[in-house]
Amino acid sequence: MTHEILFSGFGGQGVLSMGMTLTYAGMIEGKHVSWMPSYGPEMRGGTANCIVIISSQEISSPIVTQFDAVVAMNQPSIDKFEKAVKPNGILIYDSSAVIIPPTRTDITVLPVDIDREAIKLRNPKVRNMIMVGAFLNVCQVVQLSSVMKALESVLPERYHHLLDINRKALSCGEQLVIEAATPIV
Amino acid sequence: MTHEILFSGFGGQGVLSMGMTLTYAGMIEGKHVSWMPSYGPEMRGGTANCIVIISSQEISSPIVTQFDAVVAMNQPSIDKFEKAVKPNGILIYDSSAVIIPPTRTDITVLPVDIDREAIKLRNPKVRNMIMVGAFLNVCQVVQLSSVMKALESVLPERYHHLLDINRKALSCGEQLVIEAATPIV
Amino acid sequence: MATIRGTVQIQIETCKGCELCIESCPQDSLALSKEINAKGYHYAVLVQDNCTGCVNCALVCPDAVITVYRTKKGGTSRTEAEKVPVAVISHVKNDVKVVLDEVPQGGANI
Amino acid sequence: MATIRGTVQIQIETCKGCELCIESCPQDSLALSKEINAKGYHYAVLVQDNCTGCVNCALVCPDAVITVYRTKKGGTSRTEAEKVPVAVISHVKNDVKVVLDEVPQGGANI
Amino acid sequence: MNLVATNLEGLECVWAKPATLTDTPMHYCPGCGHGAVHKVLMEVIQEMGVQADTIGIAPVGCAVFAYHYLNVDMQEAAHGRASAVATGVKRLLPDKIVFSYQGDGDLAAIGTNETIHAANRGENILVIFINNAIYGMTGGQMAPTSILGMKTTTTPEGRMVETQGFPFKISDLIAMLPGAYYVTRQAVHSPTAVRYLKKALTKSIQYQKEKKGYCLVEVVSNCPSGWKMTPVEANKWMEQNMFPVYPLGDLKVEGKLVEQKHQ
Amino acid sequence: MNLVATNLEGLECVWAKPATLTDTPMHYCPGCGHGAVHKVLMEVIQEMGVQADTIGIAPVGCAVFAYHYLNVDMQEAAHGRASAVATGVKRLLPDKIVFSYQGDGDLAAIGTNETIHAANRGENILVIFINNAIYGMTGGQMAPTSILGMKTTTTPEGRMVETQGFPFKISDLIAMLPGAYYVTRQAVHSPTAVRYLKKALTKSIQYQKEKKGYCLVEVVSNCPSGWKMTPVEANKWMEQNMFPVYPLGDLKVEGKLVEQKHQ
Amino acid sequence: MSESKLMKGNEALAEAAIRAGCDGYFGYPITPQSEVLEYLADEGRRRGMIVLQVESELAAINMVYGGAGAGKRVMTSSSSPGISLMQEGLSYIASAELPCLIVNVNRGGPGLGTIQPSQGDYFQATKGGGHGDYHLIVLAPSSVQEMADFVYEGFDLADKYRNPVMILADGALGQMMETVTFKEYDPQKHKLEKKWATTGKTPDRERNIVTSLFIQPEKMEGVNKGLQEKYRRVREHEIRYQLISADDADIILVAYGLAARICSRAVELARHRGIRAGLMRPITLFPYPYPVLRKMSPRLQSVLVVEMNSGQMVEDVRLGVEGRVPVEFYGRMGGMIPPPEEILEQVERLAALHKSAPVSKEAVKGKASRKSKSELHEIIER
Amino acid sequence: MSESKLMKGNEALAEAAIRAGCDGYFGYPITPQSEVLEYLADEGRRRGMIVLQVESELAAINMVYGGAGAGKRVMTSSSSPGISLMQEGLSYIASAELPCLIVNVNRGGPGLGTIQPSQGDYFQATKGGGHGDYHLIVLAPSSVQEMADFVYEGFDLADKYRNPVMILADGALGQMMETVTFKEYDPQKHKLEKKWATTGKTPDRERNIVTSLFIQPEKMEGVNKGLQEKYRRVREHEIRYQLISADDADIILVAYGLAARICSRAVELARHRGIRAGLMRPITLFPYPYPVLRKMSPRLQSVLVVEMNSGQMVEDVRLGVEGRVPVEFYGRMGGMIPPPEEILEQVERLAALHKSAPVSKEAVKGKASRKSKSELHEIIER
């Protein structure tokens, strides 16, 4: 079983660490994993994304063009990657950052109002972890517990005082009830 | 008919222009010619030499290792090139600059006391042209007249006041009676 | 009641919210919007009518997105009532008016 | 009659006849030979016995071919009669004594 | 332009983006000095009416895309070679205005040789040198101009003399060269600074028209992303920490060294 | 040695070729300054007893064969990179004495970048810079240090500012760098000059032992072949024409600039 | 054995360098490999390594020359344009026979090009981009694990043959994170004594000279013959490669590095469709595994070379099979990466051409059978 | 037609550059080609050319980039180590498609090596020593006359294809004097209009940009495809070579440049001994005359490649004959030049192997029959 997932958003929204956390969790569970970031100047004030592959067998190519799931943190990500979701795949996105919702009907489209949750937690910095939680909720590629463990390795030592709030964000997201957006027909 | 000739001596003895003059003369006579100098740092205070080929047909290689004639202006040249003369070839050298004469018996060895002639001409600077003359005397690869013409092209404009003395040197050498050294047996 | 000596127009879609204009404005006429533009930036907007048209903001703006206007010599200056709309978001896909939230009037003219 | 205060020995096979030593000798003790060495250079030779062993020549010689000697403190100085032979050519192949032609005695001791 | 025309009668436009800048939005990070310098340069080119005679050389650095924004003929040089490329262009088109635009890594690290010899030959070109004390484009590594103690991705403990040597004040060296006619150090952090820079660039291009020779305009600039600060913080940090090491002002005017400039 | 031992009793040897020079005859042209500098350098190394601790870097230039004559471990660097090679050696063998020996083309043309940045990093090495104002090895082309009006094979009309720029006084620039500890300009045309050079080299090696940092010893030298003069003429020409452009003396001592040195 | 980490290829390579006892690193930043310098500037320095960010790649490679000549384990890393600037230095290093490690994290060219992964520097790395007759030993990793492993191997080969070794990776391998484990490696056990190094001429020995200058052509020819003889030995003993599902294959894909990974997936997919496809992955690009190709070519229907360039390795493959089997090429350029599906298409096209045998149990299971480098090595020996 | 002169190859090349309307030369001295710079610094300047001796080869090639980008005819020249320093610049120039001329007067390498003639830079010149997928058009003269002629041809090809052209000579060709005559050539008739050049953005046109940067891989791949398509056209139309005594030859020698001259003598000698030997001399090394070899290989007994290197061109010859005939190699390295006699030995050895037909009138006269490039060109077309 192989999961090919894309995380995408603005630089600074922490999309790279979203992916890294998931990848790490996969490794903790002894799965084959790979994480491939977009890199270079297109990051200058632009969008960032990373491809995460978690699989039970060896991973041949870290770079794929079609995804089982796309996690979109902003409008450009939807504009760019909606078409990259495999049929019957998942497109989960931050509805509070998106003006024009996705329109595909052959995939599961899941809007999450990250703002609302972030405000509840009184912390805008953990929006990304809320989303990771929400994603796990709808697509169990790894155990939440592994992700919790993974956080320790992903967060640099000097930020470990933030472990708790990030854990909170994760479970908050994980407990969200998310219903698929009724496709605009 | 092809003549392959080597001119060799100290840098500064004008061996390169000896060869060039002959080559030019060859060209004037409509022959195929090539002139190949030794070059690079080995010239720093060392020896210089050039290979002259004058031929009735196209010249395939400007670089050869065996010569019909070797013109040696100093001891190292004899030490180095005596063995490079083809059997029955000619080795002509400045006896006034050489302490140990050649020893080969299968070639014609021709010593010329350039000093004596230069002193006669009261000009040490034309030793090389005396030798060219002497060489033509024993080996008519080109007409003396062509060499005279060649001089004009080989000598830079600003030295043309020296044309006469060089011409003198040539014919002086050309008139020398040279007898082959009796080989030391 | 204040009279307008100058105003600015800001190309908010290319504004990057660096705030350098805000820093450089002697009149505190500028602030960042709450909303983000399509690039995800909170953008600069004119929040007071006390702009003098000194062009400071335009000079420091790295992205040259500010245009500055000043009352013509002898031109009739205008009142609160007829403020120049300061900005319009045009989203990459469709135009959406931005609602500026009330900012407390302040500065010289209280 | 002059007494020797110093002298030099010159490795004439590696001397290049640049004449810098000759230029630098305050005593004019040095000159170029008429003969050439195997490299084709006229080489420097000591032509007077008035060398003071001041080492100037050795200092400027680019090829370090000059060795300088000076009379030991209290060492007996020697006379014309027993001049130190100044140089020997050894040709690359066989040794040949060089004949220095007479140079006019001059300098302090006339 | 996505502005709606609104009632502006009674108002006159006193500042607008110069037409010599293209409409392409710049890729620079928010608050980056590169944009400001582009803007001023193009204002000058517009006001001097030399757009049609100007050829620019872009560096390899964040300004690598300068030609997307500056509406003049341009060449993209190899990293560090912009001054050499500019020399090639100017020598063959002596009547054109030629400038190179280079970062500190480009001009003062890999390109030091080409920079210095172009100046020493007195090439009749304008070199614009953006000194932000860091390698912006490659993600914030130390530059030769990084100041002592400055933390970068390659000097995690801060720049130390032992391993990295001293901040390299190349403009001071270039000012020493007889080939250099005008050498100045400017900035873009404030309206005043911007006005000064504009004067400096205008002068330089005037000098080039008059074939006076080599002009170097250093702009001490920021790199919010590389420095990991907000643009506002960055400019403050620059004023407090960089200006003391790289004091603003002229180093050489009309071929004469401005004294006090010798440490 | 082809000297016959003769009666020398009563005489003591007061100068002999240092044992740190090999017996290989040098390939340099008659009267070339390279030989003299080799000789002085090796005297110093012998007298300081550092032969076993010294590693030299040969340039590409007429001194390319230096390792045939200097009896110490040596590396032959690519043209212009001797200072970089020296840096590599010194950083990895910090307790050794490391020197590079470079000509003006090597150090001040193709190698300008490596030269300047080694100095700016304050590399704890000695750089010996033979300035003969010409490319000797390649047959007498102009060097960056050639003086104005000087005829070379590439400046048949004499060096002109328009095409070739100004004589490049790189030692003056290097003296400006905080990383440089000792910068001096010497010569070998006279016994006195030789004595001064010897002092300068001794100092430099002493400094390096004390880890004081970068030392540059420029030697204004001759190139009879390239200049097309006899050695004696060459030295006279050098005194009359080069010394005014490259005045002898210290430029920087113990990290302090010697004033008057600023044109 | 040590636990496994999640690391970028560049970081894993840098970490391995520290563990391999690398004494010095000289480098200049360039995407997509700056992490090597950054990691070493932090970890490396802390763990006692000499790490210098220098003024240029030119300076870096010549410092490597100096450090290697001083007998130390030294390295540099860069990406395509920076590697081009090192060509003169590499030629000098090869000629002076200095052991050292050069890493090229290949990006899309020519020119400034793009920073995306590419294999466009194959010719430069394998035929010698510098002047004169010389060769680097070139290792091509295809995983983060190999990015680390080949550092040890690289330094050991360099010391063994006194030859520069290049690790030719690409932007993806440098930037991606994978699980990596660092093997036990004691540098002291591997570092060889370097009697020839310039460490100071002690009275008990002649001076050591590191040079590439031999002005007499006779001498220089001798040096060249020595080098050629060395390359012959390297060709004889150091060929490395990997075979996947090759034993019974009708169609052999030839690819290295990232492209080989993608091909292995394509081979799986092909096997599932009953096509007997296999993969030959050269691990050493010099010496190139010609003998393997020569051996297998007679029984093949076709060979498909897959590269992220215009088909540079095709020449080596053709030299290997010498017309015994048609050689086809599929590639993407300029930083584009061919997805497995694209490659599968090509394989299917070829299969159709030869209407290869219908699906068979044995064809499918074929994909399991992998041979270790060592086993195969013997095959070549005999 | 103008009278003939006796000139060094380097000088003839420089004189031709002036006559070809070269606008600018940027160079740095290096043996054995400094005469090019020296001649131009004198004659060239006097005749209105921009001639700069600059700080390094690196600066030179980038000035060439600038000058070519400005739409002018520009060139540089150097020898092996200097050419290595130009590799990054060449890759940029090829990518930005700037027409210009680069001359490499090849000397013995690797490293500093020797200054004697060599052909050791064949790979660097033909496979691309720089990074990325690109090719130079490479012309290999074998006489002083061709040193001059190929300058005109080089500039014209460069303009025609917007591609850098390299003249790959060697130290002997650069240093030797031969008779040379300069053909009539009116630059104005040959120079093409360069609309793309950066000459100042006049209001009537969009700005011109000279760049090699295409950060989106899709774009960069497009650029690469464009380059590959161009190289295909070059391969189709610009192959140049010379055949000597080839029609009836059993043994074909393949050699270029100086080596080809020497081989032609060896062929004569062989013919006199009744051995049917012939010579194929590639004049363009890229594009390489593969089709010629492919055509003739079936009827040959053997092929002997002769080079002044370790056998670099052998790979191209093998790619041409693809196993249809055994390919042997004889070469000297490090600045050594094989005399005709040595080559003859090899030819005789091969002849003995195949005990080729006894001497025959027709075999001997064979050596007369030379075909001009143009005639042969057609042979390829069909």
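Letters are used for the chains, namely A, B, C, D, E, F, G and H, taken in the order the chains are written, and counting of residues starts over at 1 for each.
Note that in this section contacts are C-beta pairs under 8 Å (C-beta built on N, C-alpha and C of every residue); 3 or more make two chains touch, one makes a residue touch a chain.
Only a predicted model underlies this, so the values are computations on that prediction, with no experimental measurement involved.
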Chains touching both chain A and chain D: none
Graph separation of chain C and chain D (steps between touching chains): 3
Most distant chain from chain H, judged by the mean position of its C-alpha atoms: C
Chain of greatest Cα-centre distance to chain B: C
Selected pair, greater C-beta contact count between E-G and B-D: E-G
Gap in Å, rounded to a whole number, between the CA centres of chain H and chain G: 30
Between chain C and chain E, centroid-to-centroid distance (C-alpha), Å: 29
Where chain F and chain H are represented by their mean Cα positions, the distance between them in whole Å: 40
Junction residues of chain G, two or more chains touched: 31, 52, 55-56, 58, 81, 88, 92, 96, 111-112, 115-116, 211-213, 215
Two or more partner chains touched - positions in chain B: 40-41, 45
Per-residue multi-chain contacts in chain D, two or more chains: 16
Interfacial residue positions of chain D with respect to chain B in the complex: 16, 36, 38-40, 91-94, 96
Chain F-facing residues of chain E, complex: 109-110, 112-113, 116-117, 120-122, 144, 161, 164-166, 168, 172-173, 176-179, 257, 262-263
In the complex, chain E residues that touch chain H: 51-55, 57-58, 64-65, 67, 71-78, 81, 84-89, 91-93, 96, 113-114, 117
Of all residues in chain H, those that touch chain B in their complex: 4, 6, 31-32, 115-116, 171-172, 175-179, 258, 261-262, 264-265, 268, 337, 339-340
In the complex, chain G residues that touch chain E: 28-31, 34, 37-38, 41-42, 45, 51-53, 55-58, 81, 111-112
